[in-house]
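Next up, some structures in structure tokens.
Below, subunit A partners subunit B and then partners subunit C, in two separate complexes.
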Partner chain A sequence: MSQFNVLMGKELRESWRSFKILWIPLVFILLGVSDPILNYYLMDILKAVGEMPEGFQMVMPELSPADILAASTGQFQSIGLIVLIATFVGTISRERQNGTATLLYVRPISHMALFLSKWLVACLVAVISVIAGYAASLYYTVLLYGPVQWDQFIGMLATYLLWICLIMAVTVAMSAAFKTVIAATLTIIMVIGGTIFESLIGSFLSISPWKLPSSALSLLSDYYDRTNFILNLSLSTGLLIFFIVLGIFMCQRNASTTEI
Partner chain B sequence: MTLISVSDLTKTFGNQTVVDHISFSIESNTSTALIGPNGAGKTTTLSMLTGLLSQTSGSIKMDGVKDMRSVIGFLPQYPKFFSWLSALEYTEMAAKLSGVEAKQARLQSQKILEYVGLGSALHKKTETFSGGMKQRLGIAQALVHKPKLLLLDEPVSALDPVGRREIMNLLKEIQNETTILYSTHILNDAEEMTDQLLFLRGGKLVEKGSLNEVRARFEEPRIKIKFSSQEQALQFASQAELHCNVEGETVFVEIDHDQPTMQQLLNRLANSNFSIESIEKVTANLEEIFMKVVGSHESV
Partner chain C sequence: MGELQAVPWALIAPLLLIQLILMVVALIDLSRIHATNGPKWLWAIIIIIGNLLGSIVYFIIGRKQS
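Right after this comes the complex of A and B.
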């Protein structure tokens, strides 16, 4: 336990001193703010910039607060995820490649403590970022589009946080299993590729690991399909545990690949 | 007392045998030099001792110790530190990871950093350190948890002459308190600080023993006579009926079974009218022994 605390302390120091814990939430805040504001002022922006043809009638869809939060989620799902994956995909492999891990691995450390400290700090940064992003989005959504039900919002947020912790487990496990470049490629294919795959033919599948974000959004409004929610939640939790176990195993197995 | 015994240690990567059935033991409070050319398997041997690599076959035993990693301190050839930690933070973390209690870890870290001469750089980030300072920090982190066995991979190879001298002096001090196994290809260093020599070549242990033992085995004592001209040297060599090698004005007379003795040679020279500039007995240094040990197995 004390060893886990020491490793945790090291990771926290690292994310603090490299400003990760500051700039990634900032990116999410910007992403979260952009959709409610942009959509609200789109008409004014178009009027100010574009010369509309005479008699041009623009029909803007009537957007609900849930739609705006869904749009923000879309931002987090693309740019947000890429930023998080790129930041944490080297967390174990880079230390092995540059040799800083060597002096840790020659000590009697537990690879479980090592992996968990890496994953938990990645989760912490990701969770802070997502909460900050949604808080920013929610603030302008409520201000400009009307209220959101608290219990629904909390349910949505909690479900999305499970998703983001799953992504971090995949990222850190890949980092434990492969070199940084390969780990990055595989994680992007699995997460971003999977999300695209899901959006193309997802409607034919009742459950898939990539359905969690849309499951989360389904909690926001009664119009969304809420069937299979529990199934998707269980599937994701199962995968989360699988990737953590895989990561710990890979940490142990690849310890000798550290640069001496 | 034997601290660690290694028997038939072997490591193969694919079909390449990097370390080939090596056996040796190390006594407590001695220092052992692992000598060999590049690619001889020194680093691989040390990696197996640290537990970073697992051996293909053979055993490493330490009496009464279950997890050897807790009693070993290791300094790699190019130690890499987390650039965002200060020297004190790093050493403290290292101590705690090796099981030293928090309060004690801080005390021991401060003490060891003072000891290696980093007392004024406790709170400096390791990224600002020079090569010599990094090596000192490397030694500090290897010693902070008071290990029984200190493993050093080429501890001074990457340093300039000043840094090398400083680190060698530091190691000689440490030598009195702990057991050291270090690899090197710089033979002057080994000559300076060693109780046992292990010569590795192509993954095999080709020679072991104390410096004097190895020297006695490989020494070919010679008498070096310097004449005033090359003609005289050649003339001496042709008349002497001894094993002579002529190099310019100098003749090396090989001594075989203590013959000829210095006295005999002097008597002969006194009775002739060669003009001699100097005469001395020469013994092989470690470098020549190294070349012989390595060379004698070249044909294998």
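Right after this comes the complex of A and C.
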């Protein structure tokens, strides 16, 4: 346990010194704020940019608070996920490549403590970012569009946080298993590619791990499918445990590939 | 001046403030870091001109992680 505490402290210091714990939440806040404001002023922006043909009329859809939170989720799903994956994909493999890991692996350390400390700090940064982003988005949504029910919002947030922890587990496990470039490619194919795949033919599947974000949104509005909510939740939890075990195993197996 | 006062500053100001903080954080990091991928002055220009995207790109690919 003391080993884990030391490694955890080291990871926290590293994420503070490289400003990770500061700039990623800021990016998420900006992503969360941009959608409510942009949609609110869309008409004014179009007028100011001008060049509308004579007699041009446009009907804006009446947006509900849930629609705005869904739009913010869309931002987190694309730019937010890419930022998180790109930052944490090198967390184990880069240490192996540049030789820092030698200092760790010459000692009899537990690979479980090593992997868990990396994953927990990645999760911590991701969770802080997502909460900050949703809080900013919610603030503007309530201000401009109307109230959101608290219990629904917290349920949605909790479900989305499980999804983000799963993504971080995949990222760190891939980092343990492969070199940085391969790990980045595989994670982005699995996560972003999977999300695109899901949006194309997702309606034919009853459960899939990529359904979790839309399951989360289904708690807010009836537009999204809610039938297999519990099944999706347990599938994702299972995958989360699978990737953690895979990561610990790969950490152990690849320890010898460290360059000196 | 009338147009400037018509802008709803209470709504827009936090957005500008966060963007400014992000830029300052990126610039502080740039001044402290030993070496970057590519010339430092170029990154300073990218961070200042390409406000949100510039800072993100700097943090992801500009920092030399060693």
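The rule is simple: the second predicted complex is superposed on the first by the 258 of 260 C-alpha atoms of A that agree within 3 Å, B and C clash if a C-alpha of one lies under 4 Å from a C-alpha of the other, contacts with A are read in each partner's own complex, and residues count from 1 in each chain.
Everything below uses one rule, namely that a residue touches a chain if its C-beta (ideal position, glycine included) is under 8 Å from a C-beta of that chain, and two chains touch if they have at least 3 such contacts.
Please read all numbers here as calculations on a predicted model, not as lab measurements.
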First (subunit B), second (subunit C), both or neither touched by A:Ser18: both
Contacts of A:Gly247 with subunit B and subunit C, given as first, second, both or neither: neither
Partner chain(s) touched by A:Ala86 [first = subunit B, second = subunit C, both, neither]: second
Which of subunit B and subunit C A:Gln3 touches, first, second, both or neither: first
Which superposed partner A:Ile29 touches (first subunit B, second subunit C, both, neither): second
Partner chain in contact with A:Thr258 - subunit B first, subunit C second, else both or neither: first
Which of subunit B and subunit C A:Gly133 touches, first, second, both or neither: neither
First, second, both or neither for A:Leu104, with subunit B first and subunit C second: first
Shared contact residues on subunit A - subunit B and subunit C: 18, 98, 100
Residues of subunit A that touch subunit B when the two form their complex: 2-3, 6-7, 9-10, 13-14, 17-18, 98-100, 102-109, 255-256, 258-260
Residue ranges of subunit C touching subunit A (in the complex, touch as defined): 11-12, 14-15, 18-19, 21-22, 25-26, 28-29, 52, 55-56, 59-60, 63, 65-66
Subunit A - residues contacting subunit C, complex: 18-19, 22-23, 26-27, 29-30, 33-34, 37, 83, 86-87, 90, 94, 98, 100, 140, 143-144
Of subunit B, residues touching subunit A in the complex: 43, 47, 50-54, 67, 69-70, 72, 74, 76-82, 84-85, 89, 93-94, 96-99, 102, 141, 153
